[in-house]
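Shared between the two complexes below is subunit A, which pairs with subunit B and subunit C, respectively.
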Partner chain A sequence: MKINASCVIIGAGINGCTLAYELALNGMKDIVVVEKNFIASGATGRCGGGIRQQWSTPMNIKFAVESVHIFEKLDEMLNYKTEYFQGGYLILAYTDEEVNQFEKNVRLQKSLGLEVDIISAEQAKKIVPRLNVDGVKAATYCATDGHANPFYVTQAYAQKAKELGVKFLLDTEVHSIVTEGNNIKSVTTNKGNINTDTVINASGGYAHLIAKMLNIDIPVKPYRHEILVTEPVNRIIDPMIISFYHSIYFRQELNGGILMGQGDPNEPSSFNVEGSFPFVQEVTSKVLKLMPCLKNVAMVRQWAGLYSVTPDAQPILGPVGDFEKFIQVVGFSGHGFMLAPRVAQHLSNYIINGNTSYEMKELSIKRFENAQLNVDVNVV
Partner chain B sequence: MRFLDHPILDFNSKDKKLVSFTFEGKTFNGYEGEPIAAALHDNGIKKLRISPKLKRNRGLFCAIGKCSSCLMKVDGIPNIRTCTEPLKQGMKVEYQNIKGDLPEVMS
Partner chain C sequence: MGGINIMELDDRDIIICRCEDGTLADVKDAIHRLGLRSVEEIKRVKRFGMGHCQGKTCGKIIAQIISQELGIPYEDIKPATPRQPAKNIRLDKFANYNGGKNED
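And then the complex of A and B:
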């Protein structure tokens, strides 16, 4: 195999596929996406599928709000049924500190144009009548939040990208990136070389390994996050429900299955994506307290994927190190799926026109040189 | 109908205890511990579920608790695999509504 490419995107997850589509749509030719396994085989296909705008940093909020505008017309734009559903997000507060933080978040979110409110436990119960609100001090609710099927969304973007001429090399693993001075010359894979001067790192949980190929350290670490899903039941929950206090989230898929996940603060950084039994016990006992009616519902499947976590839970966008054309779209810290549509537009504008947007400056790797980081605390 | 004798298999029918249960409000008999679906078949009930998407009748299919074809509401709980769930005295067996309405459970 010998190919000349104007750019090589490493990773066919949500960020690789949205960027391939945006670049091709804006006139770039000879784009190649290299993927070790298959489309959405990594973190994207393993994620909870939530699309939330209720974050605590301006950049996460902005990208999420603008991505929702894209999600709202995505099925029409890409001619694909992505199971996008705006059932809202209900975030529960159990302590006074949480209530204070949520009030701060809502003020910031409203200032950026998001329709979101602090509501009482009684109002939360009106939205999800089966919810046990014992101990809930307040909640925040945003009706335009929602979820979509991550496989379908990624396929939809990949399909359109292919129609626009993007080449996808699946089952192809990047071994090294060949450079000369501060310029990239080619990408070496297990199936041959690709000549290119531009490499985009969209490799999710493996992002730091790709950067290491150019002797660059990026502050991104992989962490396992586990999920399970139950058998389908008739609709009982519209919104995604989050409790930071219990470190859990759950929602009902369109087919009726209840999907639930947990953030474990003791999870070490690793590439482990095995499901574990303790997770099943912990997450089900926590969710049962909030939704006692799920008592006799059978679990059908569990799995895990990698969050690629940065110190401030915000992505790293743009070039790093001495290589101007080694561009990162990494470190989404568990919310890459919901930010990707808008992030890809900023990056494609940068790659094609050389425009560095305000958002890209804010999320450049240079921010980690500052002692004061603006950390997003709204993460499960 | 029910096989009471078989040239190879031994059903031990004589040792089994006959119990009563209800299906859609009507009272029937079956042997304690046999699959609920077996007791229903013995009483002539072969339609166990309505398929969620196309709303077609579904009967016993895999018979090993795998296929979702025999999911019914038993004692108020939906999605019970009646092909593997043992019959007990006084059980209330009903058709379930599509994918099953969950009962209220107090925390």
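And then the complex of A and C:
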């Protein structure tokens, strides 16, 4: 195999596929996406599918709000039923500190144009009547938050990208990136070489390994994150429900299954994506306290995927190191799926037109040189 | 007796995944239109094997269809990644699990 490419995107997850689509849509030719397994086989296809705008940093909020505008017309734009559903996000506060933080978050979110409110436990119960609100001091609710099916969204972008001429090389693993001075010359894979001067790192949980090929350290670490899903039941939950206090979230899929996940602060950094029994015990005991009516519902499947986490829970966008054309779209820290549609537009504008947006400057790797990081605390 | 001539059945009427109502037409669409090549990919994009039986029924049938449609030997087609639990178990059984003591 010998190919010439205008750019090589490493990774066919949500970020690789949205970017391939945006680049092709804006006239770029000879785009090649290299994927070790298959489309959405990594973190994207294992994620909870939530689309939330209630973050605590301006950049995460802005990208999420603007991505929602894209998600709202995505099915029509890509001609694919992606199961996008705006059932809202309900975030529960159990302590005074959480209430204070949520008030601060909501002020910031409103200042950026998001319709979101602090509501009482009683109001939360009106939104999810079967929710046990014992101990809930307050909650925040945004009706335009929601979820979509990550496989369908990624497949939809990939299909359209293919129609626009993007080449996808599946089962193809990148071995090295060949350089000359500060320029990229080619990408070496298990199937041969691809000549290119531009490489986009969209490799999710493996992002630091790709950067390492150019001897660049990026502050992104992979962490296992586990999820389980139940058999389908009647419609009982519209919003995604989050409790940072319990480190859990759960939602109901459109087909009726209840999906639940947990963030474990003691999880070590690794590439482990096996499901564990302690996770199932912990998440079920917590969720059954919040939703006792689920006790007789059966679990059908559990799995895990990798969060690629940065020190401030915000992605790293743009070039790194001395290579102007080694471009990162990495480190989404568990919220890549929901930010990708808008992020891809910023990156495409940068790659094609050389425009570095305000957002890209804010999320450049250079921010880690500052002592004061603006850390997003709304992470589970 | 009237009955159905199975040779005349439309692909859309042949159920492959009974848990998720997936048909032969869906599998062929996945292979030929979407370009999917494995049981795992078809599971993820078409939900085959994501229901109650977790692919115990449809998994091998899908492997056979892939084998036929793409001309790949059946033995070379990998099953989807098996996921726990082996059979459906109520959430409260997990939440109340105490290491196997005093189970009902």
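One rule holds in what follows: the second predicted complex is superposed on the first by the 380 of 380 C-alpha atoms of A that agree within 3 Å, B and C clash if a C-alpha of one lies under 4 Å from a C-alpha of the other, contacts with A are read in each partner's own complex, and residues count from 1 in each chain.
Everything below uses one rule, namely that a residue touches a chain if its C-beta (ideal position, glycine included) is under 8 Å from a C-beta of that chain, and two chains touch if they have at least 3 such contacts.
Keep in mind it's a predicted model, so treat the numbers as computed, not measured.
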Legend entry - Which partner reaches more residues of subunit A (counting touched residues only), subunit B or subunit C: C
Inset, instruction - Check the residue A:N234 against both partner chains and state whether it touches subunit B (first), subunit C (second), both, or neither. - result: first
Inset, instruction - Would you check which partner chain A:G256 touches, where first means subunit B only, second means subunit C only, and both and neither mean what they say? - result: first
Inset, instruction - Return first, second, both or neither, reflecting whether A:F271 touches subunit B, subunit C, both chains, or no partner chain. - result: neither
Inset, instruction - Mind working out whether A:D134 is in touch with subunit B, subunit C, both or neither, as first, second, both or neither? - result: first
Inset, instruction - Check the residue A:C293 against both partner chains and state whether it touches subunit B (first), subunit C (second), both, or neither. - result: first
Inset, instruction - Pick one for A:Y358: touches subunit B only (first), subunit C only (second), both, or neither. - result: neither
Inset, instruction - List the residues of subunit A that touch subunit B in one complex and subunit C in the other. - result: 231, 294-298
Inset, instruction - Could you please specify the touching residues of subunit A with respect to subunit C in the complex? - result: 38-41, 45, 151-152, 155, 159, 170, 230-231, 255, 275, 277, 280-281, 284-285, 287-288, 294-303
Legend entry - Contact set on subunit B toward subunit A in their complex: 52, 68, 77-79, 97-107
Inset, instruction - Sort out for me which residues of subunit C touch subunit A in the complex. - result: 20, 34, 36-38, 40-41, 44-45, 47, 50-52, 54, 83-85, 88-92, 94-97
Legend entry - In the complex with subunit B, residue positions of subunit A that touch it: 130, 132, 134, 231-234, 236, 256, 289, 292-298
